[in-house]
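Single-structure report; data block below.
Chain lettering (A, B, C, D, E and F) follows the sequence in which the chains are written, and residue indices restart at 1 in each chain.
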Amino acid sequence: MSLHPPATAVRAAVERALAEDLEPLGDLTSALVPEGAWARGAIAARAPGVVAGTRAAATAFALVDPTVELTWLLDDGRAVAPGDVVARVEGPLASVLTAERTALNFLCHLSGVATLTRRFVEAAGAGGRARIWDTRKTTPGLRALEKAAVRAGGGANHRGNLSEWVLLKDNHLAGVGIGEAVAAARRRWPGRTVEVEADRLDQVRQAVAAGADLVLLDNMTPDEVRRCVEERGPAPRPLFEASGGIDLASVADYAATGVDHISVGALTASAPALDLGLDLEAVAGEEGRR
Amino acid sequence: MSLHPPATAVRAAVERALAEDLEPLGDLTSALVPEGAWARGAIAARAPGVVAGTRAAATAFALVDPTVELTWLLDDGRAVAPGDVVARVEGPLASVLTAERTALNFLCHLSGVATLTRRFVEAAGAGGRARIWDTRKTTPGLRALEKAAVRAGGGANHRGNLSEWVLLKDNHLAGVGIGEAVAAARRRWPGRTVEVEADRLDQVRQAVAAGADLVLLDNMTPDEVRRCVEERGPAPRPLFEASGGIDLASVADYAATGVDHISVGALTASAPALDLGLDLEAVAGEEGRR
Amino acid sequence: MSLHPPATAVRAAVERALAEDLEPLGDLTSALVPEGAWARGAIAARAPGVVAGTRAAATAFALVDPTVELTWLLDDGRAVAPGDVVARVEGPLASVLTAERTALNFLCHLSGVATLTRRFVEAAGAGGRARIWDTRKTTPGLRALEKAAVRAGGGANHRGNLSEWVLLKDNHLAGVGIGEAVAAARRRWPGRTVEVEADRLDQVRQAVAAGADLVLLDNMTPDEVRRCVEERGPAPRPLFEASGGIDLASVADYAATGVDHISVGALTASAPALDLGLDLEAVAGEEGRR
Amino acid sequence: MSLHPPATAVRAAVERALAEDLEPLGDLTSALVPEGAWARGAIAARAPGVVAGTRAAATAFALVDPTVELTWLLDDGRAVAPGDVVARVEGPLASVLTAERTALNFLCHLSGVATLTRRFVEAAGAGGRARIWDTRKTTPGLRALEKAAVRAGGGANHRGNLSEWVLLKDNHLAGVGIGEAVAAARRRWPGRTVEVEADRLDQVRQAVAAGADLVLLDNMTPDEVRRCVEERGPAPRPLFEASGGIDLASVADYAATGVDHISVGALTASAPALDLGLDLEAVAGEEGRR
Amino acid sequence: MSLHPPATAVRAAVERALAEDLEPLGDLTSALVPEGAWARGAIAARAPGVVAGTRAAATAFALVDPTVELTWLLDDGRAVAPGDVVARVEGPLASVLTAERTALNFLCHLSGVATLTRRFVEAAGAGGRARIWDTRKTTPGLRALEKAAVRAGGGANHRGNLSEWVLLKDNHLAGVGIGEAVAAARRRWPGRTVEVEADRLDQVRQAVAAGADLVLLDNMTPDEVRRCVEERGPAPRPLFEASGGIDLASVADYAATGVDHISVGALTASAPALDLGLDLEAVAGEEGRR
Amino acid sequence: MSLHPPATAVRAAVERALAEDLEPLGDLTSALVPEGAWARGAIAARAPGVVAGTRAAATAFALVDPTVELTWLLDDGRAVAPGDVVARVEGPLASVLTAERTALNFLCHLSGVATLTRRFVEAAGAGGRARIWDTRKTTPGLRALEKAAVRAGGGANHRGNLSEWVLLKDNHLAGVGIGEAVAAARRRWPGRTVEVEADRLDQVRQAVAAGADLVLLDNMTPDEVRRCVEERGPAPRPLFEASGGIDLASVADYAATGVDHISVGALTASAPALDLGLDLEAVAGEEGRR
């Protein structure tokens, strides 16, 4: 359940995507498909990865033609190897071809996000117990879907948007001290997470003293991160987040520092699409329909 | 002009992106910024690349607060080196911080598309005169913006959507011959481009004989592409497009075949974001305002 | 039928409400509900009142998860006592919990409007035969739903919006006499209701003489209203409407004047929500499903 | 700044409200206003309260006619006494009359929310230092605007929606223990607030032991609340929230218990509109324009 | 004022129209216009008629490029002869060409509606004093704009939609008598216009006796209409409406019967576009800009 | 399939149309229909023509009430004579009456477009083999539906919008020669149709020499068109399009010239609605339901 985005967000995104691919004239080429031609096929992985976006893909076929039948064999979050079938598809050939690209655009992009997330999760796991977090560097209009894909990949969601929690960066302070700013945040937005960005150890100390829930260690080396985490001592709080330029090569080193979270903008901003395709058997005429 | 997407598409995309980043409570953190604090800064490149998405970024600031002033130094399509300033920003600190991420998400993603396109264009240029084409593998909801970014990068746009031209693939034929299918396409959709996908040389011959405008050579090696192109002889038509798994390492080889177009799904489906950031000087109090 | 708002208005309002409650990450808490957990329960009144908003509530559950089953025992317009069951609910526990608040927000707010309307209707009935009318003081975005709730409560709808009938207030006249203004209204908008606001008896006389369909008696005492109504004599027209600060304590006195309608802005602008709740029995595991 | 809702949410809500009040024919009555007639006036309070919704009201006038000039004397959050002028209005009479009701519907409803909030804040202040919190019992479609109005009234915002923080109620547990559920929440949604609803003292103890950030004391008497708060001892965490049927008469007693937050659904679900009106001087002819 | 549709309706319609003409790639051809080329021109009538839709046309240019300047010489409702200039246009050539067709589509269609209306108004004027009414046979999505165009042509608006007044046709009665149905309408929808469709004289008598506000005489000859109108005698009410197959050839005969209104579905359902065009002088280079 | 517009475009258009006909109060008159009354009837042609818009009409009934059953006897593109039944309708009387006008507005307008198209197609067929093309002179908001109706009538679609192909008119050239402009179009927009407007024979020669795909012969007499077509000689390219003021009387003469396409703005801009109506048998009470 938590691996899927809200149903209203999925439907709105798919309606937009179909409109941009079909209007004004519809699918010129499918219009040439012989009347009654039938399609039977499978959406299959062509590269190893993790599936996400099945709800959006299903919605794309349903909005083009509710008589197309999809049978999902694998849900969001499942790992796939090349050749693994994610879903079986059957229906009027013209409809299947019209919906194919829109469905795959969601599936490949979101599976790409899930796959890159899984790679970071596994690389971090080699170093320690740090969780991989996404960021707000999402593709405009797809925030809900991409954050769900991160969860499908085994990552966790940093704040959903600016409305969810307080994250005080240097610029927000504008001359105000960290302690004073955290106190102001508690007064104005009681009950919610207050995070403080720290570039240096003395800022970390101020953030801890101020009672921040989270400390964002920005652009530090693994060694610097380790020193900051040690500053916390045995206390369960605050949690520490390492961020800034961490890649698959370095994530294990950061994880090994004992930091609680490692946030990676690339999960949503730079994930290559996962290669999935629709392999079809087209049958002319009504006899294609069993 | 042609480097920018339609104004209505930009505005709709930015409204959606701001809503998903700000609702329901708005920017919790900017609410803590001292009254009257002022910001002055610059959007600058942190990596080499090509700029795209300036209209969307400008719209993000304008919709959050029309009093924020942006001065654009570089337009879509311009190459940047690390440190190059794309735009100067000045306005109320809280507003600038609220709009920052949405503006950058557009700018970084679309500049990433433009940058990857430029790399393919340059790599192909080493091999020949082939043009780089995008595909319909775009991020759902951003078709218009990503296709404009491809143009900014020096690429050209394959069909905008299923409604623009006919592209007959194997499945569309469903037992009908290529010649018959092209003739049907001409009857049904007179005046527009008819393209035929060919996997083998005999199909290329049929497509040429059928009078196709474009022949898509799918998943062929450079040598196979070269043989197909030679099949055309000195005639100006049809144009040939090579497609399928062509990357930066192989694009020059394909370009050297004399093929007219090389289409690359990765331009829009797998472009890493270009790193651009907003460097701010925050000034507390009204004196920040000159 | 007439007690329900248009289906398109209901769907649009519910989609907006779900989006604002669920995006971007969805229901964090329901995501923790054990897989397969099942819910069985009832929406029941916790205070006496009149039901409205059942279509919106049903739509909320359906858009979150079409497998949730609702059985409505009471339709819009039915009176309820504490403990009365309005609908039975059964479905996946996570889905039911996710939709619960949105469904109840519609049901409680609109039932609150219907309940307050019924109280005014009953209080007015003690004094005479005057009908209770709503106004345009509705909650922005919910005009159609609130006006339907007024009908469910036994009230009637004053004009739906500015586009429905002419209501000449002092400011509209801007120096033009009532007779002249009514004639202009008849010329410009023939066939529709023309109402004139009157603050004094001489204005009432002018409105009657001008052939107005309705006369709005604004901010008058019951005695003043009675005198105005007597001015009409035995003629069936115009109808008189009393308006302005009429509350549950005074509405019977106004009704006793023989006035035809009493309009009350509070029906939609100040109705407290009716307390309805969802009482659930949650069953872990698939065995919860009969 | 934090007192206002996001600009995109305001604009969308006002566009919907104008459409529902004006379409299809527009304002029949304003169409009868003499050409060139001019209006000068003021939006003034007719009852004591707290102002909210000024951005929405301003947007309503601007979208009807950008030449109408508004001068705001009082911003969201300011207390008003009867007669206090909130804004001065000047412009074409027909436009002012067309926008009036939509602007006032926002202003009166949202000021009503702010006013009721302020009354709770003041009543609670007599008892202790507890903060007044809103709930998710908001009017569908107006979540962002109503939550901003609560802030304008001096209250604070409980979670913005289901996507913001975890709130484990009895039904979510479905047989799972509190400790286990909190741990699951921390794993799935690290970094964010986890709140636990408790009906009895033993549940409070479990929630404290589980390390919840917030404990919701549901439907308890002040004495019961006091006992629960004492359970926490001198520790800064968790924070306690009292909820359920708390009204203006009892809120001071709850505040006196030392509880940190008192949440009140009525703030947004049952706030009567604040009476504000537009007093106009209409001047026929262009000479009205200074 | 009353000649224009609501501003929100205009903007929404124009945004949709631009999106459908420009997405996804924008205006391919204008992209080829030389940088800095400037346009100066005029929108002029090429056939005699009545202007409508100026607000929509202006909005089309403004949304494409706010720097395009339009100077309107003639407002909605003004008669034009071939060659008459409606507006002067000046701005970047590419922008003017991009917006041209969308602006003209509104202007030509809505002026066509206004022109046909004017022709009916003038033809009816030869016969009597009957007003010309539109119907609900409008183009889907353009109700507000077409009804405004009818007003611009000198016609009046029959009910705006199903929500505005009651019109009892034979099917609605479903066995119930006219008197009973009118009484039910008065109870359910007090204060608003109640119209009854009559096919025969005895139904007219029943409608008059029932106190209907309007009687719709459906598909009658002028003689039949005259007999029905005489039935009313000297009373001011009800008003009579003739409807059904009335064209420019017969409208004067109907008007001569003394009927109050003549409704014509063709005004909005079958009005040919009025021929208006944009005559441009294009100037290459910045020197085009004065 | 190709005769229908994209499903998403249909649904969006019908939702808008229902909203504008029903909000805010719903169908006042249907609300008076006796509970349980049932309707059985048929949508039938009252004039000869060609059907289009069946998908939109079906969607209108379905969105008002999914229990209304429609059985379509004739699909888009079928010719009808007066009395021919297009669909049978059965369902709750109130729902059928509420949806009737919206469904018919689509059906009559779009069938009008298809019918006029068919008349042009037949008239042209008398002269030669030229295809009838629509233009971009469509009703704003209905581009996709009207272009589908043209196909239903046997016409073909000129470019769907400005984004589909290049059409160089005199103004676009702005001093640049035709050859240079076509070459620029090929560079910027490779692979797609490039059309050149020609007013004179020398421009036709330039367009042919430049390798245009299409030449638009604007406002020429049939003799002038014939001379231009002869200019092409036996080559298959470019195709020639005649345009400008061609009506039913002259279209055969143009077709006889050997021109390939004749485009007619009137197909979508000036098609009178086709008269189709819903003939109902209303049955009071549940016994109406078989």
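Note that a residue touches a chain if its C-beta (ideal position, glycine included) is under 8 Å from a C-beta of that chain, and two chains touch if they have at least 3 such contacts.
Just so it is clear, the model here is predicted, and its values are computed rather than measured.
Engineer: Check every other chain and keep only those touching both chain A and chain B; list them.
Structural biologist: C, D, E, F
Engineer: If you list every residue number at the chain B and chain E contact, are more than half found on both copies (same) or fewer than half (different)?
Structural biologist: On the two sides of the chain E and chain B interface, the residue numbers are mostly different, under half being shared.
Engineer: Between chain pairs B-F and A-E, which one is joined by a greater number of C-beta pairs in contact?
Structural biologist: B-F
Engineer: Could you tell me the distance, in whole angstrom, between the mean C-alpha positions of chain A and chain D?
Structural biologist: Computed value for the inter-centroid distance: 32 Å.
Engineer: Indicate the whole-number Å distance between the mean C-alpha point of chain E and the mean C-alpha point of chain F.
Structural biologist: For chain E versus chain F, the centre distance works out to 21 Å.
Engineer: With centres defined as the mean C-alpha position, give me the chain D-chain F separation in Å.
Structural biologist: Each chain reduced to its C-alpha mean, chain D and chain F end up 50 Å apart.
Engineer: At which residue positions does chain C touch at least two other chains?
Structural biologist: In chain C, 2, 20, 22-28, 30-33, 143-144, 157, 160-161, 163-165, 188-189, 192 touch at least two other chains.
Engineer: For chain D, which residues count as touching chain A in their complex?
Structural biologist: Its residues touching chain A are 2, 131, 133, 156-160, 163-165, 188-193, 195, 211, 213-214, 236, 239, 241, 260-261.
Engineer: Using the touch definition up top, name the residues of chain C that touch chain D in the complex.
Structural biologist: The touching residues are 13-14, 16-17, 20-34, 37, 39, 56, 93, 97-98, 101-102, 104-106, 108-109, 112, 136-144, 161-169, 171-172, 174-176, 181, 184-185, 188-189, 192, 265-266, 269-273, 280, 282-284.
Engineer: Of all residues in chain B, which touch chain D in the complex?
Structural biologist: So the residues of chain B touching chain D come out as 15, 18-19, 22-28, 30-33, 35, 63-65, 94.
Engineer: Which of the residues in chain B come into contact with chain E in the complex?
Structural biologist: It comes out as residues 1-2, 4-9, 12, 143-144, 147-148, 157, 160-161.
Engineer: For the complex, which residues does chain D have touching chain F?
Structural biologist: For this pair, the touching residues of chain D are 20, 23-24.
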